[in-house]
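Which chain is which? They are A, B, C, D, E, F, G, H, I and J, in the order written, and residues in each are numbered from 1.
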Amino acid sequence: MVTAIVLVKAERMRVNDVAAELAEIEGISEVYSVGGRYDLVVMIRVRSNEAMADVVTNHMLKVDGIIETETMPAFRTQSRHDLETMFSIGMDE
Amino acid sequence: MVTAIVLVKAERMRVNDVAAELAEIEGISEVYSVGGRYDLVVMIRVRSNEAMADVVTNHMLKVDGIIETETMPAFRTQSRHDLETMFSIGMDE
Amino acid sequence: MVTAIVLVKAERMRVNDVAAELAEIEGISEVYSVGGRYDLVVMIRVRSNEAMADVVTNHMLKVDGIIETETMPAFRTQSRHDLETMFSIGMDE
Amino acid sequence: MVTAIVLVKAERMRVNDVAAELAEIEGISEVYSVGGRYDLVVMIRVRSNEAMADVVTNHMLKVDGIIETETMPAFRTQSRHDLETMFSIGMDE
Amino acid sequence: MVTAIVLVKAERMRVNDVAAELAEIEGISEVYSVGGRYDLVVMIRVRSNEAMADVVTNHMLKVDGIIETETMPAFRTQSRHDLETMFSIGMDE
Amino acid sequence: MVTAIVLVKAERMRVNDVAAELAEIEGISEVYSVGGRYDLVVMIRVRSNEAMADVVTNHMLKVDGIIETETMPAFRTQSRHDLETMFSIGMDE
Amino acid sequence: MVTAIVLVKAERMRVNDVAAELAEIEGISEVYSVGGRYDLVVMIRVRSNEAMADVVTNHMLKVDGIIETETMPAFRTQSRHDLETMFSIGMDE
Amino acid sequence: MVTAIVLVKAERMRVNDVAAELAEIEGISEVYSVGGRYDLVVMIRVRSNEAMADVVTNHMLKVDGIIETETMPAFRTQSRHDLETMFSIGMDE
Amino acid sequence: MVTAIVLVKAERMRVNDVAAELAEIEGISEVYSVGGRYDLVVMIRVRSNEAMADVVTNHMLKVDGIIETETMPAFRTQSRHDLETMFSIGMDE
Amino acid sequence: MVTAIVLVKAERMRVNDVAAELAEIEGISEVYSVGGRYDLVVMIRVRSNEAMADVVTNHMLKVDGIIETETMPAFRTQSRHDLETMFSIGMDE
């Protein structure tokens, strides 16, 4: 599994819509509405680098109302949970 | 479930140790080693505000080698997965 | 009681209106007009995480003239005053 | 009543001690442990400019473990509560 | 005397007009055109906190062409001059 | 008269000493202890560019406990007061 | 060979077009679509300072949709590859 | 000679025009097109503080396409060249 | 091929040594000494995500004298050169 | 002539020494002590890219007391003076 965390600043009036639209994109597993300097934190969990590139450089760029994103690729993951199995449910089709 | 995302900068020589120690803290479900301006992204998923306060103001403060943290509480979560169920496995004891 | 402090930058011409509108939102207990890099400091004091999410992701987003907010959740509070009692007056209905 | 909000960054290992020591200073009514870019938010509520200057330039400077502070004087306050009365309890001696 | 120093960024084409308008506001004793990251430095010297609040949250907000201000209240002043006397000339009416 | 405003950050424990030492330097007419991102604002009012260079690159550099300064030369001054006369008292010897 | 690395921020909706247009400019050998605070990283590899100036101050300035660039000239290059030979293929006409 | 260095950010499409217009202003001796975070570096070399104020607060403010400037007055100059003589050629009329 | 660009700040006295040591790491194809806000730009070109993680979280962390890094993964690459072939020479053993 | 402007931050106590040492380096034509966010502005004027690399990556790195530099290469120069001739005096040996 290839994972990336994306910090998102969105236009105030469109924050909730942006969150909803992002959550619809295949490969985006979670969208968190947060306080602090960013508005949303997005988790991308996909099967390949190609799928990651597709989410980041195609699908996310088309969501209207995003002002700025900062994408952080996860090089290693440590967890007490078997994330690979947990998040692959429904990834197959 | 109460969720927070924490951005962490750590001392270069201690990054991997810090990641390992954080992953041991109860309530921290995932630690991602990332590129970009931060070194680690930490997911805290706990049952109550008290547990969250405990992780953030007690346990995390004791990990040596952390330079700076920025904690972002998640006010809302949108996901195609049932995160509540997925991450509550093993939360009971 | 769940507490958060919000730092607000507003459009210069609308600062006083924004302050007045924010002060009307249920759950916002105080609005301070400040100097420095921010224009307003807002105290949110509510009964639950759900109420907090409601103030932050619904009501505050609708106030026109806000440029930027930074929300800081309070994990612990230390005070010589019994804030819980003081601010819960009028919280009941 | 003269009010100021102070944003505080403290040394990680000393955050909780700093919070406790600040809460002891006369004129500081509340100390909040927060997430985000700052560690503590301090509310100063005193009777006069002289008392404010005393808290900021004498007492707070002596607390060990503070790295940086940003003091924001409140020029105006809007609240559904009678803060003047609420916080003046115990201010008299 | 209550004193504050205000750092001002203004629209390039309006800098000189903004300076002139600010200098007209009662309570503003000096306006300096400076280089560096700010365009103007404004000295406010008034008799009371109420007058200060009036200058900062009413009069200055109405000057068109100001992009950003950062207000720094002076808690203490050290000077070889008797500023109190020097600047109070003409303050009486 | 040649005027410059200097924003100063000082070591917390030495702020008051730094203010006192700066106020002793000939050519420095006022030292303000401020809140906000800076600790002190210093007004330099001298008779010539040479005197200004002397204050900035000789005398101020020798004050121990200053972390950072930002010097803003005033290109023009607008004031309802006759600053030239007011501040030149005592400048002669 | 004269080399420079350029960090580029582009308008979200135009990022892919900007990348394509930059890749067409003679002297630009590679355009990388990246995450993080920047959108694109551009490698310029040319034969002379004049060619470099031409790329940076003429051709790149004409690409529509670029918000900000930061050009870093390479003073020295260390590589296990013979970059000079590798990238000069096709540089001749 | 009074010297100042000005860092300039300009609108991308107008950078070359801005450079040409600045170079025409009397008192501006050199305009450098640079990479990095700024677009232009301007050297002002004039005979008096009044001439400097005139360049900075009158002439430069009228050049269209400048977004931001940061003016750094030179308090002292060290050079193996006799800059005073070199740059005064043609300063006389 | 998996590619990442890393911006590096290093201790002044150790910049050249850091560059030399980085150039020795397998998977790092080029190290550029640059001006601007960073000291070095490093190109990592490897065969797999695992190799990338190895370079970033193991080998690079061990180089002494690095203060800060910012790693930008390349999601897409556009080039008039066949980078894949050019840089794979010598990648086989 | 190859030109670069370098912005320098130096340790407060060593600023004047750093300026003197920089002025001794061959290829550095002027060192300006400035106010603002930087301490020194350095002009490098040399005959070739190799000489520039030598000044920046060898000689300047050895000056003790420099905290940070930002080097901006000049791609184009516009001046009413014949800088090439003026600064080449004494460049010959």
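Note that a residue touches a chain if its C-beta (ideal position, glycine included) is under 8 Å from a C-beta of that chain, and two chains touch if they have at least 3 such contacts.
Just so we're on the same page, UniProt names per chain: A, B, C, D, E, F, G, H, I, J = AsnC family protein.
All of these numbers come straight from a predicted model, not from anything done at the bench.
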Practice prompt. Could you report, rounded to a multiple of 5°, the rotation needed to superpose chain D (AsnC family protein)'s C-alpha atoms on chain I (AsnC family protein)?
Written response: 145
Worksheet item: Which chain has its C-alpha centroid at the greatest distance from the C-alpha centroid of chain J (AsnC family protein)?
Response: C
Worksheet, complete the sentence: Between the Cα centroids of chain G (AsnC family protein) and chain I (AsnC family protein) the separation in whole angstrom comes to 17
Worksheet item: Roughly how far is chain D (AsnC family protein) from chain J (AsnC family protein), going centre to centre by Cα mean, in whole Å?
Response: 47
Fill in: Inter-centroid spacing, chain H (AsnC family protein) versus chain F (AsnC family protein) (mean Cα positions, whole Å)
26
Worksheet item: Counting only residues that touch at least 2 other chains, which ones in chain A (AsnC family protein) make the list?
Response: 33, 35-37, 53, 56-57, 70-73, 75-76
Worksheet item: Given which chains touch which, is the overall layout a line, a ring, a star, complete, or other?
Response: other
Worksheet, complete the sentence: A full list of chain pairs that touch reads A-B, A-C, A-D, A-G, A-I, B-C, B-D, B-G, B-I, C-D, C-E, C-F, D-E, D-F, E-F, E-H, E-J, F-H, F-J, G-H, G-I, G-J, H-I, H-J, I-J
Worksheet entry | Contacting residues of chain I (AsnC family protein) [partner chain A (AsnC family protein), same complex] | 2, 49, 52-53, 56-57, 71, 73, 75-76
Worksheet item: Which bits of chain A (AsnC family protein) are touching chain G (AsnC family protein) when the two form their complex?
Response: 4, 6, 53, 56-57, 61, 66, 69-73
Response to the item:
Residue positions on chain E (AsnC family protein) within touch of chain J (AsnC family protein) in the complex are 35-37
Worksheet entry | chain E (AsnC family protein) contact footprint on chain F (AsnC family protein) (complex, rising order) | 3, 5, 19-20, 22-23, 29-38, 41, 70-81, 83, 86-87, 89-90
Worksheet item: Considering the complex alone, what residue numbers of chain H (AsnC family protein) touch chain G (AsnC family protein)?
Response: 12-13, 15-16, 33, 35-37
